[in-house]
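Have a look at the structure below, then the notes.
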């Protein structure tokens, strides 16, 4: 984010600050709430898009799209992502590698035999209701509910935590993703 | 963290850097892995301590201790904590306030009628196995398993995410805590 | 900075995001350009205020005010401030301690015999023209000119760099301050 | 920076933390003092290298090297660098663009007519004596003296401030550089 601002005359206490003809270049790597909201919505849009691509063009096309989404929206190139998907089980509960994330979303990887492709299940809508957002400056974390709608209209709501950091190009990337089904007394 | 270092003679490429008699003061607000590990272990120790206090001195003593732990180890004074405890249910799944955290740990608050006091259940041990840690600089996030042992020796393992930030006094504080039972196919 | 926001219906691509009745708490420790500008102007206002207090109430009053300004606007309690004032000389060029900063601003400290009290020299105005601002997220740095006006109307312009960090209370504090007279060919 | 650590048995208070067979991946974007020292020394080495290249291979070779150094060690691709070189004058005191930095170091640019090429002046040694270092987490600032030696053995010492941030590839980049000659009473 880069913009030019023109200094203006300001009054602070009893002082007057003279207008300046010079322009200050302002570069900020701080993360804004609007950027966080946009990144969350992009995740929802991508999930629905992968489902639609699967229905229309098949598993290979969905897999290619999911790979692109992971490369654009997650931070695996930074070394690791802290990823606990909703439906994974021991001993592959956590997915710190890109390979593990891709297997979770589209299945078909013999190295992850329990994965059936979460993103292929015909999701038609996805919405987010944040409980709280904490922006440390160079990272932002969110916690709340994500609700996804299946073809039959049924809605599944999960408890979800995300952490985003801004890369050199100014894009937010997910470096942490913890999703879990709501607790139910047994 | 503040220390004094004495510059030493260094060789870089073909250059020699002269030793300096001056001392540079170094102040770092960056979070280290050792600080993260210590903060996690302090959480475990506090959980077992609250249980032991409850057994020995009763609910009021346990509640007082839990309040002290929350004030020292969480970041509610920063405005909010993103807290999804293991066993909470709708519509009180998330506990963004200190009051909600205290009710979860020790129960007895009519405003949170489903809370029975998670920290009072006689936990005798607590251990942590991180899957991954991501330090952004001014914050650190961890994801992995936390296993807690009951009096009968049974062990419960949860999937847990924490985020820590360093306060002005140099102490790590939890600003995000997402805990969930492992997924089991139904 | 803490605010409550009400999630609204949003359209992202072909998706509709349902409006949510829940409110998300948003806490941000990121530094904004407006906060930086305000902190700079506060520094200017304080300089003029110390000069006016000196003229009106004497050196002791000016010293007390300067101490308050240092405690409120600088970050000495974090362990160190990287401070190179405009007019200091070897071997006391840098002022990493509060004592050294106070001596520079109001003089009268035998431990800093060359200091005559920079803030006591009757400054009547102070204005800032930033060349550039860089916000990393949890810190902000500025570089540009600061021009100060003496009683006789003469203006002195210096090259100035500041770094600000946000403390736990949300206030910006100066942790770096490098001021120098413009270079002139000799 | 990425490493693998093996959790070990730990004792915290009266608790024992079981050894874990799992390995936690740790990724840290926090800046260390060692990284700062290395980046400073690289700057010194580059200055001497450009001088030597100029003497040996001429201005064009020195200019090519200086361009490579700027691209590798400064952060112009992030949008701006806050750069106040030692010897620049109004109205080109500040050099927020790569073009202005290159002109300062090697001269020969008609757009910067006062620049004679600071890095071409036969510097044979360069050493750094930090007064203080402040690491915010994702950025680090240093203040102190840099002393450079000319062919005749004479040494010039300047007051210098740097700010470094870590890019996506893990390299420190200078985003702020304020250099000034020591003040001398006139």
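For clarity, chains are labelled A, B, C and D in written order, and residue numbers in each chain start from 1.
Here is the rule we go by: a residue touches a chain if its C-beta (ideal position, glycine included) is under 8 Å from a C-beta of that chain, and two chains touch if they have at least 3 such contacts.
According to UniProt, the chain labels map to these proteins: A, B, C, D = Phosphoribosyl-AMP cyclohydrolase.
Bear in mind that the values here come from a model prediction, so they are computed numbers and not experimental data.
**Q** So using the touch definition from the top, which pair is joined by more C-beta contacts, B-C or C-D?
**A** C-D
**Q** Angle of the rotation mapping chain A onto its copy chain B, from a C-alpha fit, rounded to a multiple of 5 degrees, please.
**A** 180
**Q** If I list every residue number at the interface of chain B and chain D, are over half of them used by both copies, so same, or under half, so different?
**A** Counting shared over all numbers used gives more than one half: same.
**Q** Compute the distance, rounded to whole Å, between the mean C-alpha positions of chain C and chain D.
**A** Centre separation, chain C to chain D: 24 Å.
**Q** Find the geometric centre of each of chain B and chain D from their Cα atoms only, then give the gap between the two centres in Å, rounded to an integer.
**A** Here the centre of chain D sits 36 Å away from the centre of chain B.
**Q** Centroid of chain B to centroid of chain C, CA atoms only: how many Å?
**A** 34
**Q** Can you pull out the residues of chain A that are in contact with at least two other chains?
**A** 25, 27, 29, 78, 80, 96, 131-134, 136-139, 144, 165
**Q** Along chain A, where are the residues that touch chain C in the complex?
**A** 5, 7, 10, 12-13, 15-18, 20, 22, 24-33, 37-38, 41-42, 44-45, 48-49, 125-139, 144, 147, 166
**Q** Write out the stretch or stretches of chain C touching chain B in their complex.
**A** Residues 2, 25, 27, 29, 77-80, 96, 137-138, 165, 167-168.
**Q** Okay, in this complex, where on chain B does chain A touch?
**A** Touch residues, chain B against chain A: 78, 80-84, 86-90, 93-94, 96, 131-134, 136-139, 141-145, 159, 161, 163, 165, 175-176, 178, 180-185.
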